[in-house]
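In what comes next, chain A is part of two complexes: it sits with chain B in the first one and with chain C in the second one.
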Partner chain A sequence: MGSNKIKKKSGSFNMAQGRYTHLWFLMPAIIIMLLVVVYPLVYEIIVSFKNVNLLNLKSGRYPFVGLDNYKSIFTDGIFYRTLGRTVIWTFINVTFHVVFGLFLAVLLNRKLPFKGIIRVILILPWAIPQYIAAITWKGLFNFDYGTVNIVLNKLFGLQIPWLSDASWSFAACIITNIWLGIPFMMMISLGGLQSIPRELYEAAEVDGASHWQQFKNVTLPLLKPVLTPAIVLGTVWTFNMINVIYIITSGAASEEAQILVTMVYKKAFEYFRYGYSAALSVVIFLILLAFSSAFIKAQKLEN
Partner chain B sequence: MKKELFDRTDTPLRITIIYIILFIFCVLSIYPILRILTVALRPGNNLFSTSLRIIPSDATLENFKLAFTKYSLLKWLLNSLIVASISTAFGVLIAIYAGYAFSRFEFMGKNIGMSMLLVTQMFPATMMLLPLYLMLIKLKLAGTYLGLVTVYISTAIPFNIWMMKGFYDTIPKSLEESAYVDGANITTSFYRIILPLAKPAVALVALFSFMGAWSEYIVARVLLTDASMITLPVGLVNMQGMFSTDWGIYSAAALITAVPVMILFVALSKYLVGGLTLGSVKG
Partner chain C sequence: MKNIKKVISLACIAALTVGVLAGCGKTATDTKTTDTNKKVTIALWDQDDPGAQKVLDTMIADFTKANPNITVKRSHYETEDLRKNYTSASLGTTGPDIVLGPNDNLGVFVPGSLIQSLDDFFDAGFLDKFDKSALEAAKYEGKQYMLPDRNGNELLLMYNKKLVTEAPKTFEDLEKVGLQLKADKKVQYGLVFNEVEPFFSIPFLGAFDGKVFDDLTAKSPKATLNTDAVKSWLTFLKKIHDEGLIPKEADGTIADTLFKEGKAAFIINGPWGFADYQKAKIDLGIVAIPSINGKNPAPYSAVKGYTVTANLSADKKDAVKKFLTFINSKENQLKMVDAHQQLPTLTEAINDSKISSNPLIAAQQDPLSKATPMPIITQMRAIWDAIKPVQQQLFAGKVNPDAAAADMQKKAEDGIKALGLN
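Now for the complex of A and B:
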């Protein structure tokens, strides 16, 4: 039989796979990724060694400046402060996303009347376009007319300058982004929880394990394969989350509320320092690459 | 036997606490969205109010009308629809095939390929934007939809492929194998058997791609300079003027923009549990 021969040759479990079958399926993806990911990436790295600014932008001839762009990044104190802020931003956001998401998923993973409608309400922040959410929260944080201050004022007599003070506006951005990101982690966790067989919990109960012990020894280890990629992805997305900070801090003196990506964006499209921004993008990419490989490796070693 | 409403192990006290917690989270989740509705329903002369009522006492639909007459909301809607549809079509088509290859075939560089897709997620938005912007200026294509659609497709593809691969993995291989025994080739088995089964994943991937393009602001703001070509997000953010903002009209427009995708999202959300399989990271 012809198909058997192919199976032997390629050592594959798929009887119908010929030598080049996978290429037919992959070709469109490969072509478009080469065109719009690899090519720009290479171009970006080249530009990061050049001086590109508003004056020579249209000419297409950019002078080579060696490591100057990188030097001016690493000798500027603002880079380190922004990097520190980005790490705080990412850590707080992802922690809250995972903790709240997992917590809500555990609450919902049981027989509960109205569960369906509760779940729908809880995923709404994911369904709304991010920029609309950001603008809406900006309105909620308004000093005089925003709901947040009205409520805080009624409860504690507080009025916080959410949008005019850099640290407070950074806090406002974090609150907004936590709100945005919980549903994703909740749904991921819920999917993972539903795949854990009930019998495991029943067995644990027979052994006299408390709810916390069951969570720690049954739920968490079994959720790990689902949560690990979600956390890596969540971290990368949060690190590169530009919408929330850009929109909430726009229109205010906000140098001290930026994270690295918004800094790149502003440097490129508001100050027109393209070469410098390219170098900064490369730095961000390398940081994330290092983090992700370290995280995945650490997870693997634990297993 | 009566069908039980709750798990056997849950006490009434625990159920009450669970409902209270869930209620608080529901309020936090839905309030900001209802707030948009409140502002949209307010008449123009009642912009600054410290009332916390959801439906204002003097509610009016005037703002929804003004959004179309005072601003070119219809034009923006059409522009966004064009851009989002093209991006979705390509983003989904490419992922359907590539995901299948990653799920079913053995080939060199398979694991590296999957990891590389994850790596692309690490590029800051500007990393693609800047070189594409410079390239488009060189090619004199800046200000066309080509660049924008290209960016959207390339940002959607990696996630789409991961999702499709994860879903194909859950379909038993025996289905195709019995088809091959019956003499089907790979094309027929893929189109006749696998693709129909993968409908939920395709729907999800399409939804995410569409939402991504429908809601993207940062890239569109840079690439689209012609006022007649701007997409919804750019138009909406621009409505926030330097000195005064028609908050009522803006909110009406925001609802018109957000509600259709939210309905789609909720309608498909039953597939999210289980369909959202990212698979395990192999590197």
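Now for the complex of A and C:
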């Protein structure tokens, strides 16, 4: 009797085997994504076409200004200089992240004594909250009392004005961020390395390949599916790394140490130009979206 | 069996969905009744030092004992966070009812329609009990937007009596003593102060008769940063930096640490630093920043006080009034003095013997008389943002004072335009 009833309802209401069961399971996640990701994104895009500032924020009545916010972004020289600096910042950081991360991963992949302890020490930069790490590095960069200058002074007789000179403060931010980002790349690479079967290396050795040739022809291609998403993630995170810059430059007051995202923060919360900042955020979003799609497509094409 | 499975799986999905949506609900406060015995919760946001926060908490406990139906929830925020969170909170319903902060917040809160005027908020005669100049500083566009609880915030010169036996009478004396101590290797630096925030270098501008705005009472005050006064001020700053009187690089923490460890003879800081230095067992001397070329520097003075949110619900109004009256009684203002070491604002409290017998506060009379009220208009943000990076470049030797002044002026004008004002 029970099975007859179920057969009748099978197409429309058998929850466990229905056509839409998977949707029901995804529902909670979909709802959260809609509320936390999609809604703010859509709201931000809407705000970017309006004039929202301190005077009218509370009233909720924001006049529509079309592309005015975007026009003021693209006609301002600062935008292009900051964009250029952000691209340089991202490129240098991600390159060093990958190079050092991969290098350390290759080292850790061998038989090493105390590998467990070394791995813990190398993970530490990732474990420390970014904010704390940035404040600590800021102390290390002080001209007179920072460790960096003390070491430089003993070795080379040099003392660099890391924090007072805007261009040097940019260098200080790069150093700090590289230190912060290496563990992530290292762990991803290590995971990827450990999934490469030993036989491939043995076969390559039999064919007479050197270590470097093995690395180039066996390791790198097989790491690509693991490194590609990591690089995309690393690029997006670095492009928007506001913590390190804001803390080490004590508020990104100087133009020579700004990146796009600190501009958004300042314009939004110190100058209350919410419409302009929303537009700038949309521009950043589109830039990163374009980069990610292009990068992933390029990787797929190579295969 | 399959039916039960169906029912169970349906129930689980329903529970999951409800669980997700439950977290998104708002806790609405019931604003319909005006029953004075109903439980009311008022939210207080403060931007104050740890010592003052502790005193606030004890006073809140006392208040709650006397008024068991009123709960006061206190949250602490730093300067920038307070402004950011308050403006964002104005869009919803979970903002504070009372904010304790400095009077330059008014330049943000009033244009943002976040707070209400207190001219008619309290019972008649309440505001007359307060010091007139303190009340003046807490006004914005002629209306009383803030109830001040302390008057001061002025920068002064503190010296380590172990290193410096006599207070310097002029800045030139200070320079000589400071450089000599450094040459004798008794200190690392003669004078230290926060070289990052322009708030600490602006006092010297007054000694050159400089001002940052042309006319604060005008409808659109103009920035005056490209003047001879400013150029002289920047030349002075560059001189004391290059000659080694002040460190090459120093933020507030470095300055404090050097002074507390006895590695600096003089420090320019405010009364908020007293407690810290005394804890470090520094024998403290306090004077106004000495004159430069016979002219007195003019640090900015400010008041700190309480503002009330604009859309305060009716049942909370009584609770807020009770709380603010309680916390600004003579005993409580004097209790707060222990924490902030500045002048209270209730006239009765100012005349109390506790104030006149406290050497640290008595020593502030002179510096406070030489201070000038800090501009609190919205445009002031543009001034700070213009001076900060250029001052950094000046110290780094990348720009000379003349070019720096012109750069500051341009940045200030751009900043004022960016604020949407002119």
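The rule is short, and it goes like this: the second predicted complex is superposed on the first by the 283 of 303 C-alpha atoms of A that agree within 3 Å, B and C clash if a C-alpha of one lies under 4 Å from a C-alpha of the other, contacts with A are read in each partner's own complex, and residues count from 1 in each chain.
Please note the rule applied: contacts are C-beta pairs under 8 Å (C-beta built on N, C-alpha and C of every residue); 3 or more make two chains touch, one makes a residue touch a chain.
All figures in this text were calculated on a predicted structure; none of them were measured in a lab.
Novice: Taking the superposition as given, does A:143 touch the first partner, chain B, the second, chain C, both, or neither?
Specialist: In the superposition, A:143 touches chain C alone.
Novice: Go through the superposed model and pick first if A:272 touches only chain B, second if only chain C, both, or neither.
Specialist: Touch status of A:272: second partner only.
Novice: With both complexes superposed on chain A, which partner does A:32 reach: first (chain B), second (chain C), both or neither?
Specialist: Once the two structures are laid over each other on A, A:32 reaches both partners.
Novice: Does chain B (first) or chain C (second) touch A:161, or do both, or does neither?
Specialist: A:161 sits against chain C, while chain B stays out of touch.
Novice: Contact-wise, after the overlay, does A:57 reach chain B, chain C, both or neither (first, second, both, neither)?
Specialist: both
Novice: For chain A, which side has the bigger count of touched residues, chain B or chain C?
Specialist: Touching more residues of chain A than the other partner does is B.
Novice: Tell me which partner A:261 touches in the superposition: chain B (first), chain C (second), both or neither.
Specialist: Touch partner of A:261: chain B, not chain C.
Novice: Hey, what residues of chain A end up touching chain B and chain C alike?
Specialist: Looking at chain A, the two contact sets intersect at 3, 13-16, 24, 28, 32, 35, 57-58, 60, 139, 144-145, 269.
Novice: Please name which positions on chain B make contact with chain A in the complex.
Specialist: 4-7, 9-10, 15, 18, 21-22, 25-26, 28-33, 35-36, 39, 48-50, 52, 90, 93-95, 97-98, 100-101, 104-107, 113, 118-132, 134-135, 137-138, 150-151, 153-154, 157, 161, 173, 176-177, 180, 185-186, 189, 211, 214-215, 217-218, 221-222, 233, 236-237, 240, 247, 250, 254, 257-258, 261-262, 265-266, 269, 272-281, 283
Novice: Touching chain A in the complex: which residues of chain C?
Specialist: By the definition above, chain C touches chain A via 1-3, 5-6, 9-10, 13, 16-17, 19-21, 24, 80, 83-84, 87, 90-91, 108, 111-114, 188, 195-196, 247-249, 251, 253-254, 310, 378, 381, 385, 388-389, 392-393, 395-396, 398, 415, 418-420.
Novice: Which residues of chain A touch chain B once you look at their complex with the stated criterion?
Specialist: Against chain B, the touching part of chain A is residues 3, 10-17, 21-22, 24-26, 28-29, 32-33, 35-37, 39-41, 43-44, 47, 52, 57-58, 60, 100, 104, 107-108, 110-113, 118-133, 135-137, 139-140, 144-145, 147, 150-151, 179, 183, 187-188, 190-191, 194-195, 205, 225-226, 228-230, 232-233, 236-237, 240, 242-243, 246-247, 260-261, 264-265, 268-269, 274, 277-278, 281-282, 284-285, 288-289, 292-293, 296.
Novice: Note which residues of chain A are touching chain C in the complex, please.
Specialist: For chain A paired with chain C, touching residues are 2-3, 5-6, 13-16, 24, 27-28, 31-32, 35, 53-55, 57-60, 139, 142-145, 161-166, 250-251, 253-255, 267, 269-273.
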